[in-house]
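Order of writing sets the chain letters: A, B, C and D. Residues in each chain are counted from 1.
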Amino acid sequence: MSSEFGKNLRVSVFGESHGNGIGVVVNGFPAGETVDMDRLLYFMSRRAPGSSKLTTARKEADLPEFLSGIRDNVLTGSPFAAIIRNTNQRSGDYKGFEDTPRPSHADYTAAVKWNGAADMRGGGHFSGRLTAPLCVAGGIAIQILARKGIRIAAHLANIGGAADVRFPLHPDEELLDTLNSMMFPVIDAQRAPQMQQLIQQAAEEGDSVGGSIECAAVGLPAGLGDPMFEGVESLLSAALFGIPGVKAVSFGSGFDCVSMKGSEHNDPFVVVNGKVQTETNNSGGIQGGITNGMPLIVQVAMKPTASIAKPQKTVSLSKIEETELIVHGRHDPCIAIRAVPVVEAVTALVLLDLFVQRT
Amino acid sequence: MSSEFGKNLRVSVFGESHGNGIGVVVNGFPAGETVDMDRLLYFMSRRAPGSSKLTTARKEADLPEFLSGIRDNVLTGSPFAAIIRNTNQRSGDYKGFEDTPRPSHADYTAAVKWNGAADMRGGGHFSGRLTAPLCVAGGIAIQILARKGIRIAAHLANIGGAADVRFPLHPDEELLDTLNSMMFPVIDAQRAPQMQQLIQQAAEEGDSVGGSIECAAVGLPAGLGDPMFEGVESLLSAALFGIPGVKAVSFGSGFDCVSMKGSEHNDPFVVVNGKVQTETNNSGGIQGGITNGMPLIVQVAMKPTASIAKPQKTVSLSKIEETELIVHGRHDPCIAIRAVPVVEAVTALVLLDLFVQRT
Amino acid sequence: MSSEFGKNLRVSVFGESHGNGIGVVVNGFPAGETVDMDRLLYFMSRRAPGSSKLTTARKEADLPEFLSGIRDNVLTGSPFAAIIRNTNQRSGDYKGFEDTPRPSHADYTAAVKWNGAADMRGGGHFSGRLTAPLCVAGGIAIQILARKGIRIAAHLANIGGAADVRFPLHPDEELLDTLNSMMFPVIDAQRAPQMQQLIQQAAEEGDSVGGSIECAAVGLPAGLGDPMFEGVESLLSAALFGIPGVKAVSFGSGFDCVSMKGSEHNDPFVVVNGKVQTETNNSGGIQGGITNGMPLIVQVAMKPTASIAKPQKTVSLSKIEETELIVHGRHDPCIAIRAVPVVEAVTALVLLDLFVQRT
Amino acid sequence: MSSEFGKNLRVSVFGESHGNGIGVVVNGFPAGETVDMDRLLYFMSRRAPGSSKLTTARKEADLPEFLSGIRDNVLTGSPFAAIIRNTNQRSGDYKGFEDTPRPSHADYTAAVKWNGAADMRGGGHFSGRLTAPLCVAGGIAIQILARKGIRIAAHLANIGGAADVRFPLHPDEELLDTLNSMMFPVIDAQRAPQMQQLIQQAAEEGDSVGGSIECAAVGLPAGLGDPMFEGVESLLSAALFGIPGVKAVSFGSGFDCVSMKGSEHNDPFVVVNGKVQTETNNSGGIQGGITNGMPLIVQVAMKPTASIAKPQKTVSLSKIEETELIVHGRHDPCIAIRAVPVVEAVTALVLLDLFVQRT
């Protein structure tokens, strides 16, 4: 088992939702980089629950404590470790799922795999809570990349069928800044109300709704990444599928390429201000696994929250007979919202790994 | 740079399209397994070019030569190595792309990354030809998995907008056998003509068309894979994005989950013949990164072939000015067709890795 | 940078001597295994300083706090994390070494590598203190291996030239138990006084002395490990050289093989009680990288403590001129003593990895 | 199973002694580097058998054939692959060892591990022959390092108890050149006759003798390598123990440190020609896992050849009873001689990996 990713920047996440604490260890953060703590905590607040009525009412302080690898807010070069205490658990909410697994949660697969030993209270190690330490590490990576002229921002591309517009060919600083500052980040603000209404409606019905996220990394040099299995798509998809709830990852044109002709899909090379660029960006900034200097564009589909208030069919694992269960507790009606900074964090960590490899 | 994947089953692919040869090394194949050479060669023939007018007219014998790790058709336990000679190159077809990169090929990114040193004739290491050794290794993995009761089959899910039906909840042996025997594998045979017509039309226009592939792995036990970044989705997507032309990878409901409610998307547990199953399979057989015993369902989007006969805009890298290019040579109008066995091969190798880890 | 080792059992150590805390994350501990906390703390006490006048007078409580991967003393299968607070630092002791590096410490190399960003107080991440979390993880591995019939014990093979006897061909339970219970573990108790006298003498002179450790793992099945670079020697040496102060690692006959003839060195196969064994064990229990069922025998040389009280020559890095320094503070006159359980811990972790791979 | 090592420079060796061929794949060789083929073949000839009466009489052409990653003698940046055909096998020489394993060979452990499937003719994948492809890759690495001002040379430090002198503190170019050009490399030429006599005597007795090798890498910058388990010692020892017959690896003072005081062992810093150096080099050029700019010094013990002509005790695995065997065939009476370039090759590959990581 390995809740780790990365090669020269190695990220290791640990913790269970209702254990003593969760955390992250990063090997390979470049020494000498300063961490702006206010910016980091603001970044983490975007993921934190309780920030609006569209997210869960659970409160989590989620303040990271730094154990090593950082001194006076400067990275020291040795392994970075940060932990977050678990303090607001209501384990009672999760009683009984050991025998009657919640549909589309990991209760069943964990029960089979670890034969009852897993601590699955609150989703255990599979909980979305594990994305908090990812945001600690990723929030730092974002700051380091920014000093290299690389900006990362994501928005809610689609909620329950209501779509935002897609990124323009060259997202400008203002757009990226704006998205980074929004708790419900969309490019076309007029589209937000419909998306929010679908979420609210689902919440009122005791239901949930899916969503997708589009993330851009702007300012990347050409030449990052490698052919085949260490291409940027391979590295990034492997890390993004580690975020709980992700069902699909695509780049540039994504699944739309299926209905396209080569003459439409190919990105013609052009010269703009004396530099080689492409006229379109169906490649999503990557050709042959390697960045081409255009914005990296990745899309992620997040399934509707599996924890819903409606009664659901399940089975008793001990009796091997069908039964019904009700999941109590406080849950996000749409996990895509809080997943936006998580997608940015993971993208930043994967990209920073390519720089560590390079420098 | 690392054209490798896997953990306990390590697959390493090498070669350039117009170099002396291409090949594959596999560390970790289980000792004592027999390789049925006829089946392996048949499997490879499904990927081979020239098999129909819908694929490229180039002929490649592509017969693998086994150097080690196999004796009298039995795997010995030491590293497996197979090579394929390059014999049918027409390097003349590719002259000149060093200065004027082909749109949506890796010519430009390779030129930037390796500063002119790369051997990009015929696409070099980025060529689809590199999927032949993947099929040698994957074809063996498929045979080993079959002995464990695991069957893998893929079909063309969509070509240029024309869709096949999707896999049924429980694909039976007959369906899998049939798909494995087809050069244009579709579940609903009546849908093939329209798909083929779109390809032929693109070919006639000197153009190409995209496609998607859906692959099923049936018979997997519950409990394979790990949480987070070593989940089955992470491992499989990283390997699949290594196939040239892949733009998207999704599992189960994939991007459709975005418009779904939790109550629709959740897979209720039921008891069938005394066994725990799910009533639907939006999870694609994976929950929390771990197999749940239902069929594993993965979809892959393949972009339209980048090599088209139509004139295209590009730039001269030496002059930094715009120009036009024509790509000559013989190319598949739809790479998705020949990619079907490649997706099966890669899926088999990733899954076998999880067994090697286990046993 | 990667203070990690292992493949299917991944061990990651973090922390700096005078930072907030140190710790360990282990991915891959088998779920369901019970941890005997008393035994674990006893094991850790063998490494703890202050236990005798032969070791440093610094006191470190070094009580681990468990954050995840364990519940009610049972391993849960998700990543295991334990931390130890740093509470007894006297940073003043280490002032000034940033400019005048201590000979044979990592002060100089860290200064060059991280350009002054490293937190080198107390040796920083290079401190022997980092072996405490290794002992948390290794102490658990030892308990798990014991349930498989595998016992690990080490002794002080040589201190300053005064040698203990070597392990007998088949170390019995009693010997292993005895060594595991000694704070100054030697096989021939009569040899201890001379060894201890050399240490005391060095201490009185403000000096230090080197030592070597021999470690045995008894009860291993034949067939663990792999050829070439994943052989047991490769895996074990890589991990053992990660212990601060190790200068050499050898197996079985070690450097003695240099003066031996093949006819002396070869281990003849014999049948004992119906089982295949070898008559001698110059192989150290490993042939071709793979265990042969005989005791695994590994030796480790530990250099004399670099921190000595005598004045030493060094340079000022800012002035590039020679100067003298005195290292104050409390230091072990012989680090080999406290390294004994560390060698056992690391050996256990590497061996357990081979079992995780296997089962 | 994984006959691979390296991180950003990945080396994968395959082949069995009596199979079709052996070879090496390297991922990560820097693009654009030229390979001097004459020098490479000369380097390989130092490892080749049959070059003197002190080595085996077997002839192996061992000419590598390059399949990919190199074009017109320039590395292209994509995976490098080279193979060597097996042409001079006399499998008859090895008949029968499947039931009666040769002492101190891998016959027994391979039989247990792979249950009879392994192709152990000629030692199979465990054969010293596998070091030929290592020399192809390492010979190239040596050339690349030389362009960075880094020179690698090794000598026979001890044969059967007869010792050469050790490397001086700063080995000069002339010494390194001379060693690189000798088939029996020693620093003090007057010591060679005694060493050779011991080998010849062993050969005449149908016996063999052990030896040790000392290798120096001169010209390394300070700052290569990482703390703990990715220190230079860890990386190098793991790779060196992959060479068949290695029983011990040590750095700098090695096991001699055991009898030393700290005041003797510590390497005082001094200023020489305006540069920081150490006055002695007991550290072997590494402090805290990181190079300090002094020559890297590593020693390797090679056991006496296990294949000897004298009758030996073994067991019949099928009958579980003791018996005797005679190993026929042509064998090196001292494998240390031909291992000298192999140690250089492996050292170069490990060091080049650290540069690839850096640039």
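The working rule: contacts are C-beta pairs under 8 Å (C-beta built on N, C-alpha and C of every residue); 3 or more make two chains touch, one makes a residue touch a chain.
All values derive from a computational prediction rather than experimental measurement.
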item: Where chain A and chain B overlap in contact partners, by chain label; value: C, D
item: Result of counting contacting C-beta pairs for A-D and A-C, higher pair; value: A-C
item: Separation of mean Cα positions, chain D and chain C [Å, integer]; value: 26
item: Cα-centroid distance, chain A relative to chain D, in whole angstrom; value: 46
item: Distance from the mean Cα position of chain C to that of chain A, given in whole angstrom; value: 39
item: Set of chain B residues in contact with two or more other chains; value: 1-4, 13, 78, 110, 113, 125, 227
item: Sites on chain D touched by chain A in the complex; value: 7-8, 78, 227, 357-359
item: In the complex, chain D residues that touch chain B; value: 1-4, 10, 12-16, 19-23, 25, 27-28, 31-32, 65-69, 71, 74-81, 83, 110, 113-119, 124-125
item: Residues on chain C engaged by chain D in the complex (per definition of touch); value: 1-5, 13, 101, 103-106, 108-110, 112-113, 125-126, 130, 158-161, 202, 205, 207-212, 222-223, 226-231, 233-235, 237-239, 241-242, 244, 246-255, 257-271, 274-276, 278-279, 282-284, 286-293, 301-308, 310, 312-315, 317, 320-322
